[in-house]
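Which chain is which? They are A, B, C and D, in the order written, and residues in each are numbered from 1.
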Amino acid sequence: MSTNALPLSQPIVDGPRGAKPKRITPARIGVYAFLVLSALFFLLPLWVMIVTSLKGMPEIRLGHLFNWPAELTFDPWIKAWDTACTGRDCNGLKPGFWNSVKITLLSVPVSIVVAMINGYALSFWRYKGSELLFAVLIFGAFVPYQVVIYPLIIGLREVGLFATLPGIVVVHTIFGMPILTLLYRNFFASLPAELFKAGRVDGAGFWGIFFRIMLPMSVPITIVAVILQTTGIWNDFLFGTVFAGRENMPMTVQLNNIVTTTTGIREYNVNMAATILTAAVPLVVYFVSGKWFVRGIAAGAVKG
Amino acid sequence: MSQVAQGGGAAAVPASSAFPVRRRRKFNYQSVLGTLPMIITAIGVFVICIIFSVIWSFTNSKVFPNFNFVGLAQYQRLWTTDRWLISVQNVVIFGALSMVFGMVFGYLLAVFMDQRIKQEDLFRSIFLYPFAMSLVVTGLVWQWMFDPNLGIQAAVRQIGWTSFSLAPLVNKETALYGVVLGGLWNGVGVTMAIMLAGLRGVDAEIWKAAKVDGIPTWKTYLFIVLPMMRGAIATAFILQLTGVVRVFDIVIAMTQGGPGISTQVPAIYVIQHITDRANVGQGMAAATMMLLPVLLLIVVQGLLQWNAKRKQGRA
Amino acid sequence: MKSLLSAVALTAAALMSSTAVHAADVEVIHWWTSGGEQAAVSVFAREFDASGDKWVDTAIAGGENARSATLQRILGGDPPGAAQFNPGRQYEELIAGGQLLDLTALAEKEGWEKLIRPASISSACLVDGKWWCVPVNIHSWNWAWASTAAFKKAGVELPTSFDDFLAKAPKLKEAGIIPFAIGGESWQINGAFGVLQTSLLGLEKREKILKDKDLELAKAEMPAVFTKWREFKQWSDEGAANRNWNDTTNLVVTDQAGMQIMGDWARGEFGVAGKQPGVDYACLALPVDAPTVSTGGDIFLFPKQSDPAVEEAQLKLASQMISPRVQALFNNAKGSMPVRDDVDMSLADDCMKKGLEIIKNPANIAEDAGRWLSNDTTGQMNDLVAQFWSDDTMTVDAAVAKYVEILQNAD
Amino acid sequence: MASSVSIRDLSLNFGNVKVLQHLDLEVEQGEFIVLLGPSGCGKSTLLNCIAGLLDVSDGQIHITGKNVTWAEPSERGIGMVFQSYALYPQMTVEKNLSFGLRVARMPKDEIDKRVARASEILQIQPLLQRKPVELSGGQRQRVAIGRALVRDVEVYLFDEPLSNLDAKLRSDLRVEIKRLHQRLKNTMIYVTHDQIEAMTLADRIAIMKNGIIQQLDDPHTIYNKPVNLFVAGFIGSPSMNFINGTLDGSNFTVPGYGVIPLSGYQFVAQKNGSTVLGIRPEHIALGEDARKLPVQIETEIEIVEPMGSDTIAWTKIGGQALTFRAAAEVALAPGQKVLIGFEPARGSVFESESGNRI
C-alpha cells in the first residue's frame, strides 16, 4: 500500500471532512474516573465480605482486611448454611431459607395485587373519600412499624391469624401498601385516560378494564414492585419474629441468632458467609433485573 | 348496537331512579369493593393505630397499654430528657445530610451514567446492589469497615501510613456521619435509578435546543433538566423521607445509639420504651411527636394541592 | 465430621423421642444462642425430653428481642410454654393480669422457699406469698478480670484495689496494653459503673440510694463515683465505643488489655480459650477487701396455657429446672452459680468456688438493682452513665443532678 | 326525520365551574354534526357526556329515543374514536377490534363477521395480526375507527380524531370519514377545533363557546350568516374583516372614511348606534369587478401575501385594517393604489355591545 508512505498527519483535503474522529477527551476520562471510583466505594464492602468469608479465623486476626485469602477455605460457608447453631438447633441457615422463600412467594404477589388494584381505583375510579384514604395511606408510610405492632397483634388475634403464615402475609401486605400504591397510582395516572374511556365504551367494567387492559400494561412497573417487595420482605426481621409464628421464622431471625452471638471470638468469616447467603436472593434479583428496574421506574413512577 | 343497550339498560339504572334526582354522584361500589383492603388498612390500621398511640401517650401505660390518664406528664418528661433532645437533633442532621447527599450523589451518578458510557449495565448493578442488603447487614458491614482495630484504618496503617485515621464510629462527634455514610451506601443506588429514569424521560428536543444555544452540558443538567424532573425528585424524596423518619436498624447495627447517646434517633427511643423499658406511655408520646411533622407536611401539601385545583378550576 | 456425627446423633435422638409417648409439647423462648449458653440450655431440654415431654426450642438472640417476642406472643394469644426473663419488674403486669401459671402448690410441695438462697433470689419469683417463676441461676456483676501476662509485661503486680489499678494504668499503657477494657454498649458501661458504685459506697449506702431513693445521700455520695468513673475512662481505648462484651473480654483473654469489669459470665470466655484462673488470669471479686456477690441471673416464666396436659408438663419442667441434679448440670455448663446450696459444684473452677463461698454469707449479697428499679428507670440510668462516659464536657455536677432527678421520678 | 341524539337542558359543573350550561341539541338520524370551538369551550366535555364517560349534573340525554342519562357507556348504542387512538397496546389489531364484542359475549362467528366487515371497509385486513406499536399514525386511527365500526351502533362519536396526524394524512382521512358516512348513513357527532374539517364534513355545525352553543346551522349559513361576532370571527380564514362604525338607518359611518350605504342588506333587527360591519376578504372584489358593486373604495395596498392559489392583500379603511383576497394572477405591490368594492348584502352587521347580528 502506497499510502503507508504518506505521513498520517498529512491532510488529504482542506478542512474537516467525513466522520468526526472520536477522541478521548479529558471530560470522558473524568466521567469514567468518577464512575469507577464510585463503583469502588460500592464494591468495597462486598469485597471485604467475600474475602473474609473465605478466610480462616487466624488469618482474619492478622488484619489485612482487603487481601485475598492466603489460605482459601469454604468451611465458613458450609458452617453458615448447614451447621451453625441458632439456639439448640445447629442446622445453619437452611431451614429459615425455606421459610423465607415461603413467606416471600406468598406475600409478594398478594401485596402487589392489592396495591395494583388500589392504584388503579385511585387513578380511574375515584369515589368520595378515596383521595383522603390515599393521604392516610401515605401518612402510614412514615409511621414507625413498632408503633402499630400492639394494635396489629390484637387485631390479628381477634381474626385468628396471629402467628400464622396468612398472618405474616397480611402484615407484609399492609406495610407494603403505601409505597406500592403510590407507585401504581402514579403509573396508572401517566397512562392516557382515553384508553380507560375506550374500555368503558367497549363495555368493560371495573374488573374488565383492570384485568384485560390495565394489568397487561403494567408489566414494567410491576417489575419495580416485585424487586422492592422481594427485597423488603426477604430482609424483614421484625415482622417475621412477631407475626410469622414459630414454624415460619424467616432466615433473618437465624442470621440474627448467628451474627449477634458467639462465645469467645466472633466468627467473622461465618458471619460474613451467613450475611451473604441471606442477602443472596435479593442480590440475584437485583443483578438479573436491574435493567428493567430503571425502565420500570421510567415507565411511570417518575411522572409527578 | 341495540342488544347491548337493552341487555344492560335495566340494570344500569340503579334504584335511585325512583326519585327524580337531577344531580347524581355515581357510587362506584366495585371500586370501593376493590379497594377494601386499602380502606381497612388506612382506617383499621393507620388511623386507629395513630389514634390509640395518641391516647396512650396521655396514660402511664407500662408493659401493656392501659387507660390511666396522666395528662401531659409523658410529654413533659420527653422534652426534658437529654436523649430525646439529642435524638431529635440527630434525626434532623441525619435526614438533612442523607437527603442532600443522597440526592446530589444520586443525581451525579445518574448524570454520569447518562453519558452513553460503556458497561452501563455493570455500573448500574454495582450502584444498585447495596439496596438488596438489609439495613441491619449494611450496618454490620460498615461497622466492621470502620472498626479501628480491624477495618479500613487498621488496613491502611498496616501498609505503612501509620497516622491514618478513619474510625468515625468511635468518636461521639463523628459517629453520626459514619451512620450517614452507611445509609448512603445502601440507598444512593435507588436514588440514582430514579434520577436516571427521570433523565431518560426528559424530551430529547430540550437537549437539542440547549446545544444550539451553546449552553454547556453541566449547565443544561443543572438549570434546565433538573427542574424538569419534578416527578423523579418527588419519588426519590418520599422514598428517602420514609427511611429517614423511621431510621432505626442501621443505627442499632452500627452504633447502638452510641458512643454514649450521641447517635440516638427517635425511632429507637420509641421502640425501646414500648418494649424492653416497659413504658408504653412514654414511647407513644415520642411516637406522637414523630408523626406530628409528617402530619403537618401532608396537611400543607394537601392544602396546596386543593388550592391549586381550585385556581385551575376557576381559570 | 464431628458435626456430621452429632447430626446423626440428634436425628437418632429425635427419632427415639418421637417413638416415646410424650405428653405435651412445651415451647420455650430464650436468648441463649451462643456456644456455652446453648450447651447449658440443652441440659434442660434433654432432661425434659427424657421424661417423655417435648422441649420446643425458640431461640431469639438478644434479651430485648426475646422478651419482646414473649410479651407480644402473650398479647397475641399465642403464649409460649416457658420464657426466659431476668429478675426484675418487667413481669409484674403479667402476674397482675393473671397471665402466668401459679407455681405455688409445686413450690410449697418442694419447699423452694427454704432451698433457694440467698433470699433476694427467691423474692424475684415469690410475690405476695405466691410463686410465679423459677430462678435457675445466679450471675454476679461484681467481678473484675485481669490478665496476668499483661500486668507482667508492664512490670507491675496485679491490682489490689481500684486506686491501685489507676496507679498502675500508666505503666500498662506504656507497655502498649489497653489498661481498662470496656465495650460501648450502654448496659456494659452502666453495669461497670454499678460495680464501682457498690465498691465505693458499700452495700448499705447503695441500698439506701437505689431502694429507698435517698436523694440527699445520692447528692452527697454520687459525685465521688462519677469522678472516679471519669478517671477510668481515660484508660480505655478508642475502639471502646463500638464493641460488645465478649469481644471486650477477648482483649483480656488475649492479653491485649489489662482489666475488665464484667459479670461472671465472662469466665466462660476464658474457659473456651483454655485459660486457667490464677495462672493466666485473675478473677477479683469486688470490692477486693470485702467481696460481694450481686444477685442477677435468669428466671423462667410459665405463661398460662389452655391445654391441661401442657400445664402439667410446664409444672414438670419447673420442677426439673430447680432439681439439684439439673441445677448442677446446668450451672456447670452455664458457668453460673446454682440457686440452691445442696448442689454438687465440685467441677467448678476456682473463680466460681470463690463466688460460692462469698454467697454463703447474706451480708455479702448485693441485691440486684433491677429488683428495686423498673426497666424504665434502669434504662434512664444507662443513658445517663453512657452519656457521661462519652461526653467529657458533661460535668460531674450535671451528671449527679440528672441522677438524682431520675431517682426522684422513679416509679 | 327521527331524532337520533337528543340533549335536553344539559348542565355539567366541576365544583363551582360551569362547564356546560342548559344545553339543548337535537341530532337527526343519519346526520353528521360537528361540535366546533376553541379549546376549553366544552365540546369534548359534551361528547364525553353523550358517551356516558362523564356524569352530568343536570338534564337528560336521549339516544334513539331512549333516555340514557344514567346508562353505562356501552349500553348507549354508541361507538367512539379518540384523538390518541387509545388502542390497547398489548392486543393485536384484531383483538382491539373485537374486544368490546368479546366483553359482550357475542358468538364467535358474529364477531368474525363484524371484524371482517369493518376491516374491509377501512382496508386494514393486512394489519389484523399486528400490534399497535407496529402501525403508523394513520393506520392506528383507522383501527380506532374500526373499533367503533364493529359495534354496529346507531351513533358514532369522534373526539378530535385527526388532530394527531400530519396535514396530508389528515385530509386523506377526512375524505375517508366522509365516504364512510355516506356509505353507512349513521349519525355521527364529531368534535374538532379545525374549521376546515367542520366545513367539509358537517351537515350541521354547532359552534360552542363557554359551554354554550352559539350557533347550530349548516356550514353555508354558519359561513354566510354568522349569528354573532364570535362565530363570524371563528369561521373563515383569513378571518372576516370587522369595521367599527355607527349605524343610522341603513347608513354606516366609518370614522375617518365616511358613509357606506348598506342598501340591500337584510336586517334582522333595526338598531342604530355603535355597530360592526363584517365583510369576508373573499367577498371583496378588485379593479374592474369592483366597479360593478354597490360599495366602492379607493385605497392603497400595504402588504401582499401570495398564497399560491390566490393572494391576500392588506389595506386600510379609515385607519382600520382591511384584507381582501385577489386572484393569484393579479399583480399587486405595496404602495399601489387600487379600487375595491363589495356587496353589503353579503356582509354581516353586528351590534357592538352584544355582538349579535342585526
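Basically, a residue touches a chain if its C-beta (ideal position, glycine included) is under 8 Å from a C-beta of that chain, and two chains touch if they have at least 3 such contacts.
All values derive from a computational prediction rather than experimental measurement.
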{"item": "From chain C, the most remote chain by mean C-alpha position", "value": "D"}
{"item": "Per-chain CA centroid nearest to the all-protein CA mean", "value": "B"}
{"item": "Pair of chains with maximal C-beta contact number", "value": "A-B"}
{"item": "Centre-of-Cα separation between chain D and chain B, whole angstrom", "value": "51"}
{"item": "CA centroid of chain A to CA centroid of chain C, Å", "value": "40"}
{"item": "Centre distance in Å when chain A and chain B are each reduced to the mean of their C-alpha atoms", "value": "15"}
{"item": "Residue list for chain D, restricted to those that touch at least two other chains", "value": "72, 74-75, 104, 151"}
{"item": "In chain A, residues with contacts to at least two other chains", "value": "150, 203, 205, 256, 259"}
{"item": "Per-residue multi-chain contacts in chain C, two or more chains", "value": "75"}
{"item": "Interface residues, chain B side, partner chain A - complex", "value": "4, 25, 27-28, 30-32, 34-35, 37-39, 41-50, 52-53, 64-65, 108-109, 112-113, 115, 117, 121, 123-137, 140-142, 144-145, 150-152, 154-155, 158, 185, 189, 193-194, 196-198, 200-201, 229-232, 234-235, 238-239, 241-242, 245-246, 248-249, 267, 270-271, 274-275, 280, 284, 287, 290-291, 294-295, 298, 302"}
{"item": "Chain D - residues contacting chain A, complex", "value": "48, 51-53, 72-75, 78-80, 82-90, 99-100, 103-104, 147, 151, 159"}
{"item": "Sites on chain A touched by chain D in the complex", "value": "192, 194-195, 197-205, 208, 212-213, 216-217"}
{"item": "Residue numbers on chain A that touch chain B, as the complex places them", "value": "28, 31-32, 34-35, 38-39, 41-46, 48-49, 63-66, 114, 117-118, 120-122, 125-128, 130, 133-148, 150-152, 155, 173-174, 177-179, 181-182, 186, 203, 205-207, 210, 231, 235-237, 252, 256, 259, 268, 271, 275, 278-279, 282-283, 285-287, 290-291, 293-295, 297-298, 301-304"}
{"item": "Residue numbers on chain B that touch chain C, as the complex places them", "value": "62-64, 77, 81-83, 143, 146-149, 167, 169-172, 175, 254-262, 272-273, 275-279, 282"}
